[in-house]
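For clarity, chains are labelled A, B, C, D and E in written order, and residue numbers in each chain start from 1.
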């Protein structure tokens, strides 16, 4: 299936060979390797929600090395993690498992109406820790969005120099949009488009709901008769909004939920043309073998819909 | 008609030969080439208004390459586009079609009383992507205007070093002026003048209305008997405000409208001495051939009034 | 009278020979050359008030080259102008006419309680455009004053490296003082003193009124019996506040007014020991020959009081 | 017991040999040397609370050299101190006693809802003053937290270049959390985790109370049945939150208190797996010999629980 | 008495020989030379309060050179002055009279609740103008204090590179403390301590009153029985707070007052162990010979208490 990987890489004609090699490494890694699908294990929940909420359910997870092991055991495409964890994990795992260094992040001890993550790791760190990519979160809809976009561009320029692709978590939130609007289909599509225009190689968004936040967007989508009823429909609109499907867009799972719901969400995502998933709490809060099993099932769903 | 291009270039005696060569390239490109007129296709609406509102009407437009193709097919002078699109488009189109890299921009997921675009591309990016010019938006009237002007100057200094001309979108908005005032003739003339004083090679403004925002300006204009009744009159005042017509000022079309209205607006602009138009939604939201037809008609109107 | 110029230059013992040569150039230029008096033509009103309010009265002024021509024709000491105008004017005029590049400025599309000009030109620009000096505005009394002072110092350090003298427009305004206080004699004297302490070679202030803004200043001035009744008295206090008359202080004319008023104001300024005037709207809004005539009359008044 | 030190150092596989040598120096220093336990004497209370509140009780402490002497006499692992004190103390003591240069700090003459310490010393200072480590305070929960985290990362990068380990004081406070929440067990665990993710080699937190600030954390901890009744239990949760015990976490004593309370707190800390203590006012506000005696007792408790 | 100077210099073991040579120069200069006492003439009142309030009483003072002459005539240890004055004064006086370049300062045309001085001179300026030291003001108690502390550290690092000692004016003010608290004995002691911890070589504070601002400080001082009744007592506490007397602390006189009051204040300061005074308006607003006479008397009082 490696033709599909070549096809995907052809969409990035101004990306350096070194960065494409790292992108290829993730696309060839693990159980979905070569299919054009990506299943990533992200573990920044200790930073984002605190250690107890993240790891008490499965205390093995307090040790960052557990997650790297789990990602390898399950055949994930890559493992995303914060700096401190990478300091502990990288020497043992960076050669076997593509690591995505999460370069900014937010804790929840302070929350404001217009959130902005702290930038706490750099491309230099990623190079030093032999990561395969850098990750960065933006919050479109926040009054602080411009600062995030500009910081993302600085990171992307450094990453280009270092031969690293850029993975963007594009999560609308802030005083510019309603809570419901954070996952509205028009907003998620917009967030994906913005990440592409900012130079992302891989975009991560949340599964879009049927809510439409902007009246002007609703009018345009209705006039054009864009189908948005099923999650698969909405995923299709989001993927189309990412340069007509010429950027890798993956979908996150959010809070822990039942296995059946996880699988159905992934099936819809795959049917809509999503490139895969990034699944944290739903995997690492389960016991190891159960998590591997679930990840395998998810990967197989995505493989089913691979071109 | 190339004498007209030489004449225009003579107005920029402190611009380097390399930057003049790029300016000349746009003035010699396409159907209006050599006439001193410019018709530019801008596509940053995905960033500014979101992908659905921009491209659902003509889904071919989700792919950035469509617009470069359209600009070439219609014989446009140049194509303005954001960074992410340029990353995809440049290798194939930059040698045939002058690209203007839009270096800042605003999405509409957050809107405040005093807007400021994010600066998300640089002259280094423009050079790397072989663009012919850089574009930058300023919002006179915003509390954040000074930051924009200072960033524009930084960009212009870099652009001069790199041999790239600077195109300034000068759009008054913000808490300093009323909504009606954003297109008031005194305000648009002021905006054009400011862009010239900031070192713009090409200035893009909106067609001015008959509204006058400032009492002091009204008194001065009435006392001097400046005719402002027709759009042509007002365009003439705006062009005069741009160093007595010694800077290239082009006018944008704004929201999509009927063909007749588009053509009449362009005729008035041309009669008033405007140097051309920059027309996005009115072209790319139409089907390809219809868009080419309309652009040809618009170009022919401007050619009719070329010196 | 060149001994007077030597005397004035001796007050700047830590200024480089190159910068003194530029200062000398202005002091030796034009009709007042060699007298120690300066009459400067400033044209930043297009930026500050808009093109219509500034140039509709005499439309020749829309073209920046008109003002350089006028300054030469009238025998002015120098011509102050913004970057964009200098880009057009410098190649033709910089060798004949000392140009002062106005490096910051404010438009009036946004006005706040605590104004701050945008810094939109640099010493590098001034060198590139072969200007004889750089100009910078500060607004003592504004909450943003410190930022302006610090930017002025950065500019002055660069200017010293480049051999350019620094002309400071010291205009009190902002939430720290009343509107009447902007031209109060204690405030204008304070503003002149601050500019000197910030390293200005030439200070430009407004003609001081008899109003006294600060009670503590009134008490001190009354106790010391400082005469402040006539404009000449007040100018004398302002000049004394500028290192006891060892810095060049010139006075601006403000809004356009009748010829007699202009001449009387200049006579009072000259009687009080002012070093000259900087006169914009009162000159360039008149027809060319009338403007030259008025400028000659003003110069002759100042020459009358030259030492 | 040096095997324990080697084991601890093995948890920092991406830290340079030079920085590990400095970390080892502290772990091998003084009465607890080689045990894996650390007892540090910090004296930044003059800065944090003022000289009278800090030193009037034992006036010998006004002289910074007193504290270095005390730390040596008591066999402390290291002495943490601000820049000015280090300027006086370092030449005499830096070779005998590992000094931790406290690079930021807060005085209490101004206190706001969202505190942030001033950054007043650098890695360059630490190198110049031959310190063994740098110290930095963060306040998770403050609106200014991101700025602190980003400054900490800058410091840590410089420190890595210079071969110095980083000690982080992680003290939750600010408008994001309640006063009681500053020492809540979930918050302290979160604060320890954040410091680890930011790259700290040693983390200093306050002894956690039984209060739980976040409902979501309470739910997760209760569901998992995490024991939190005794201080030892809570210390165990905090240490686990620090990469499952693979980072050095030490606990501070806070305000001066009775000897018995100090000893009991330290015993609980040691039982819970804490790596030691950092004890200021409880030591230096006592007379010298009494302070040495107390520190010895504290050290002996920690040695008792060393592995 | 030069042994005393050697003793004082020994308290700065990490200061370079070049900077110590400049410190020694001030300690050996003038009437108090060699005694360990310093009497400095500061003239930044033109900046701080305006020219009329400062110099109308003795108009010779409008010329900055007057003050340098006065400082020399009176045998002062040093003369502190702003940049503009130094530009005029330095070539003639810098070799005979140690100049302290005041690198930041505040005018009073704008005053806010949380003041911050503008940084308007640099170590480069001090070197260029052959000054013996740099001066910097901090306002503990202001919301902007951290920015001042951080700027002071930047200045101090530059000064160390250039071999210049740092003189810190530590003036508590701002929304963190009451007006009465600005001179409270606990606050002044705190301010002196902070300046020492920030690396000051010489600290200048105001004479402390018997008011105590902080309840916690009062409790600690009362418990320890610290005598604070006389000004001498309070000066002793302040000097003790400055590293137990191992930093040079001098006291300012504030507003102009009667001769007897000036002399009594200085006697108390000297009795309490203060290292001297910095006296502006009380000297330069008197006629020259009266000012010299008063300064001699003040110096003699301090000499009387020299060790």
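To be clear about the criterion, contacts are C-beta pairs under 8 Å (C-beta built on N, C-alpha and C of every residue); 3 or more make two chains touch, one makes a residue touch a chain.
Here the structure is a predicted model, which is why all the values come from computation and not from measurement.
Between subunit A and subunit C, the least number of touching-chain steps is 2.
Summary of the copy comparison: rotating subunit C onto subunit E for the best CA superposition needs 70 degrees, to the nearest 5.
Centres computed as Cα averages put subunit B at a distance of 36 Å from subunit C. Computed centre separation for the pair subunit A/subunit E is 58 angstrom, with centres defined by C-alpha atoms. Counting partner chains per residue, subunit C shows two or more touched chains at no residue at all. Think of the chains as beads on a loop: from subunit A toward subunit B, the beads read A, B, C, E, D.
The touching residues of subunit C, when paired with subunit E in their complex, are 11-15, 140-143, 145-146, 149-150, 152-153, 157, 172, 174-177, 186-187, 189-194, 196-200, 214, 216-217, 220-221, 223-224, 226, 237, 240-241, 243-244, 246.
The touching residues of subunit A, when paired with subunit D in their complex, are 46-47, 49-53, 55-57, 59, 62-64, 82-85, 87-88, 90-92, 105, 107-112, 116-122, 124, 128-129.
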